[in-house]
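We call the chains A, B, C, D, E and F, going by the order they appear; numbering starts again at 1 in every chain.
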Amino acid sequence: MPTKIQEMTTTEFAAAVKRNPIVFLPLGATEGHGAHLPLGTDLYQPEALCARLSDEFDGLLAPSIPYGQHSSTRNFPGTIGIESETLKALVMDVLLSLHRNGIKKAVVVSGHAGSIHMAAVKDAAEEAVRTTGMRLMVLTDYDIAYKHPLKKNAEYPDGHGGLIETSRVLAVRPDLVKMKRKKGKFIDPGHMIVPDPEKFYPQGMVGDPTKATAELGKEIDAFIFDRMCELISKNFRE
Amino acid sequence: MPTKIQEMTTTEFAAAVKRNPIVFLPLGATEGHGAHLPLGTDLYQPEALCARLSDEFDGLLAPSIPYGQHSSTRNFPGTIGIESETLKALVMDVLLSLHRNGIKKAVVVSGHAGSIHMAAVKDAAEEAVRTTGMRLMVLTDYDIAYKHPLKKNAEYPDGHGGLIETSRVLAVRPDLVKMKRKKGKFIDPGHMIVPDPEKFYPQGMVGDPTKATAELGKEIDAFIFDRMCELISKNFRE
Amino acid sequence: MPTKIQEMTTTEFAAAVKRNPIVFLPLGATEGHGAHLPLGTDLYQPEALCARLSDEFDGLLAPSIPYGQHSSTRNFPGTIGIESETLKALVMDVLLSLHRNGIKKAVVVSGHAGSIHMAAVKDAAEEAVRTTGMRLMVLTDYDIAYKHPLKKNAEYPDGHGGLIETSRVLAVRPDLVKMKRKKGKFIDPGHMIVPDPEKFYPQGMVGDPTKATAELGKEIDAFIFDRMCELISKNFRE
Amino acid sequence: MPTKIQEMTTTEFAAAVKRNPIVFLPLGATEGHGAHLPLGTDLYQPEALCARLSDEFDGLLAPSIPYGQHSSTRNFPGTIGIESETLKALVMDVLLSLHRNGIKKAVVVSGHAGSIHMAAVKDAAEEAVRTTGMRLMVLTDYDIAYKHPLKKNAEYPDGHGGLIETSRVLAVRPDLVKMKRKKGKFIDPGHMIVPDPEKFYPQGMVGDPTKATAELGKEIDAFIFDRMCELISKNFRE
Amino acid sequence: MPTKIQEMTTTEFAAAVKRNPIVFLPLGATEGHGAHLPLGTDLYQPEALCARLSDEFDGLLAPSIPYGQHSSTRNFPGTIGIESETLKALVMDVLLSLHRNGIKKAVVVSGHAGSIHMAAVKDAAEEAVRTTGMRLMVLTDYDIAYKHPLKKNAEYPDGHGGLIETSRVLAVRPDLVKMKRKKGKFIDPGHMIVPDPEKFYPQGMVGDPTKATAELGKEIDAFIFDRMCELISKNFRE
Amino acid sequence: MPTKIQEMTTTEFAAAVKRNPIVFLPLGATEGHGAHLPLGTDLYQPEALCARLSDEFDGLLAPSIPYGQHSSTRNFPGTIGIESETLKALVMDVLLSLHRNGIKKAVVVSGHAGSIHMAAVKDAAEEAVRTTGMRLMVLTDYDIAYKHPLKKNAEYPDGHGGLIETSRVLAVRPDLVKMKRKKGKFIDPGHMIVPDPEKFYPQGMVGDPTKATAELGKEIDAFIFDRMCELISKNFRE
């Protein structure tokens, strides 16, 4: 059972801070992921991962932020996004507030991996590190997930809402994944910044999720978890 | 069962928008509430309320924002706050994004009722209304809760973490409320803006939660729910 | 005769700072107050109050800020408002500049009491206190005025431009108050954020100002002054 | 008698707007002006000028802004300044709010003439003009005052707190001008941006105010008033 | 000879706009690139590329921006960087100003490829596209350069200041490349955000530049140029 | 040969910083200068001046910023401007980054002399000086150029794109100056802030450039250079 900050009293939190715990902060998004995956796809994954990691390292699980910045999926129905400046401010405020609370170590895991989104998060983290001296690890779980061999698929290169992501959601929220799934391809916009990026995702997703299974998802999750454990052990070694 | 936006697919969301639903957006906080209540107290209450209202009005439940702005409880261990500018930007971005998605009606319920916090939320809402013409209802559930007769207690005037709040948390998350509870008084700072506002909350809470029960909480919740139903019916009548 | 900062030379100001005086900063507004009261209503009241307090405590009277933030009266002719961000920046800049000048104690009194307006002022004050360690007292004179028994009127609950406010303006600027006065009621918008808030003030004011007199105003002003003297004596006691 | 917006009711203001009046907005400052002039020197001058102009053109006199941005006098005791961004926002908000009120013509006169201060004001005005199409005239009264022959003085070149300024304050607030006056010289910092600009004003003022008289002040004020009348007549001719 | 905007008169520019030209905007940086490459490395490359492309497409070459945002090389001597917010504002202002000038097509090429840097540029471009409808292509030349086979080097994976970059600088500014060159490796910080990122670049560069030659650089530049020509032809086809 | 920062390696830069050099930062603009001068006129002049000064004082030449803020020439074809806030942030970031690099002395020379533009630059410099204690000299070369006797011309008062400026561009970039030149007059807008400021520059320039020669330009440049050398020697004397 992870120790959720929200579920602790102020007294319990004060006591926990004394053992210098790592805080895990999951960042999600509310974003169209094709016709078969829920809008909260990017939240369920890092939440589950952070819960396990928090258990493993006797850390604290901070309340998730369920909104992120979106570019290419901006116009999909149900994508509810925030500006990059807002995201940066939000992450920075939370990190600085954790630091004022005596927290010195934190791991921020974003389920959404958009480049402007991740830059806002990292920009905030850099400023927090320079200002406070906190030790911060920041990544998207897809930095690791996409190192899995399944990423490579000659005909349907895996991506947003594809085989890996669908399997991982099946592993944690099988009730929310539709059985009927399409294969999808991303059309390269050739570095154009377009007002209608959805045209480059005709199926709203990328890859071949037809073969996704919860077992596969669990295997990938174990792959990510193991690598994260190694990294965290190394990064926060005294 | 409320329809959670996070659990819908993009396709389902697009279909739901067509029936012009009300979106319910719960705003929480992570804030010290005395030694007996969890830090997520201000989130559990509006989440439960919005879930019921969303059901009642066939609306959509948006992902909760679990961080708010804090002044008087800022230095309590476990209060993890964000700046008023960040909160305003966050609420405005979410409202504008909902509007871009075709949403025309929304109810924002904040469990936290701090005056700077609520002002940031309302400021965002006013700008969203002026810009988009959306129909927005914004309040803290305590605008209604504190109309309950229990608010008045000669010796221990009810407030932050007091009888009403403790009862309400008992109603929705009894597992998180401690049996051992203190009575608490607020010391009036006489309109001083102080760097150590916690000194004016020696017990970290205000009121007499010793008699709080889940039954009482349910009664208060029903009181709030009924009043909200009336207001919503009236406010969003075509 | 209050010591107005504007009327002092730089030399006199430097000398005055040495005795560690309290600076009084009146915040006004330019805002519709019904057909019988001047737009500057919210300025005349705190200016008169601060002048008396400054005399009483041998303090310094800072130049008044005559513009504030307005929500519900925003569309009344003659309401000239500024954004909440601007107001916050303005109050913070003035406080920080006073602090650079060696001022360590200040009382900010706002004649306008709108919730977003006051939140901006308090937000600025909190930041100034945290940054500088100044001792700051911040309130609207209506925090006290509305504790006067006249506030309660079964048929016409007193409020914006009502009996208390009209009486107080009669006490300080009788030349600007019209003899012909209406009674007015506020229509509760039920927590809706509306683009046309003026519709909820059909008379542009709230209460029964028909019985307002300068004598009543002076009595209320004395009531406020006395309470302020107590608070200031207590708050700034060494 | 100028028509002060603050002294009008909302009803009177609404009526006045119909005749398409010019609004006059005086910008002051709270700034050290040598040992003989009051800190409000830069406010008294444009206020008196705008009052006369408002009368002359049947215009409306807006509430003065008594704080400005300061560079070279920043460290003089009693200089209470605001940041350039704050000043820009403040002037812009007031202009946009006037425009929302139906005002189409305005004259902004700043008694303070610092280059960063005036740039902030003009920057705001340019944005307001581009956004609203208002007709705006913006200047410091010293743009005209320094065209007076008295500006040239071989030994003591006239400037901040000098002969012209002292005479003008004598014309409007003789009670606030000290009889004992020094001559002062400005030491050229050679385009250096320095942390201690006050060193370049050893007397805190520039010029020879020993011969200043109220008569001279009235003559200069008439010189400014006449030129302003010409300009306004020409600029706002239909 | 490229048509440099800076070298045109206003009249010539007005004439050129009529033929609806593509504007090429090179973004550089001033950044440490190991002991053998100049600080302007990231500017020389896109400037040369844009000059050729501008010629090829009869476009206009906009003045280069020589400063960018830096994270990992921030503490190298000679890295002169700007904040991400500043970079975003700068790129957006230039794009909006080009649009006001009648420019409808632009290609932005950044020599620096840092992820926060590129996110700021793209964020600005997205906002410009949404606001103006301009057609914008945005990339770093390294998006293409790193598709060259030389990128893969088992022992010294090519990167910042490595074989490709050194060869390309040799192709355009051979006078600025030192003969004495080290091989360098990047030490993976394991997703940590660190205050001393330079420790992860012990040689200040990454790869094996010892075999870099101008010929190789020209070959890579041709590879990039050809791909860019294809992309531009396709992207801006009417 | 000036030492251009862009052309140095990180190692060379680190070595150079040890001798405590003055950094010269040229600020240009891309702005319409009549039918005879290039849009980059305001860049070529300070770049040439700073190069000479950098040589003379064994300083370092920083990469030029080629965009500035424009008011009166905003609508001339080819004027590509940035907002004042962007310019301020840009100059401040560069100065702070130089300071982090160990630079303690800098001279900022802007070829463009617009009042809002220069205020943004000075505002940034003041903040940098107060924050870092750097020694900064900030000016436009026209602060000196316009002290040259040629400035006075009874019929065609010299100004933007006039005799002095044309001569100076002839001195450094004769290839870019057209032989066919008009005389131009500025029409005084009488302190109006107008949406179409170009109407007040019917010829797009001010003065009589018909007699401009490279010789004259060199003479003026020598005049500026000499005065700058004196100022720098004095300002940065230990």
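Keep this in mind: a residue touches a chain if its C-beta (ideal position, glycine included) is under 8 Å from a C-beta of that chain, and two chains touch if they have at least 3 such contacts.
This structure is a prediction, so every number in the text was calculated from the model and none was measured.
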{"item": "Chains contacting each of subunit B and subunit F, listed by label", "value": "none"}
{"item": "Distance in touch steps, counted as few as possible, from subunit A out to subunit D", "value": "3"}
{"item": "Type of subunit D:subunit F copy interface by residue overlap (half), same or different", "value": "same"}
{"item": "Taking each chain's C-alpha mean as its centre, the one farthest from subunit A", "value": "D"}
{"item": "Chain at maximum distance from subunit B, centres defined as averaged CA atoms", "value": "F"}
{"item": "Between subunit E and subunit F, centroid-to-centroid distance (C-alpha), Å", "value": "26"}
{"item": "Whole-Å gap separating subunit C and subunit E, where each centre is the average of the chain's CA atoms", "value": "55"}
{"item": "For subunit B, residues that touch 2 or more chains besides their own", "value": "85"}
{"item": "Chain contact graph, described as a line, ring, star, complete graph or other shape", "value": "ring"}
{"item": "Order in which chains appear around the ring, subunit A first, subunit B after it", "value": "A, B, C, D, F, E"}
{"item": "Residue ranges of subunit E in contact with subunit A within the complex", "value": "71, 84-85, 115-116, 118-120, 122-123, 125-126, 128-130, 133, 135-139, 143, 190-195, 231, 234-235"}
{"item": "Of subunit F, residues touching subunit E in the complex", "value": "4-11, 13-14, 17, 28, 30, 32-40, 43, 62-67, 76-83, 85-86, 89-90, 93-94, 97-98, 101-102, 176, 178, 204"}
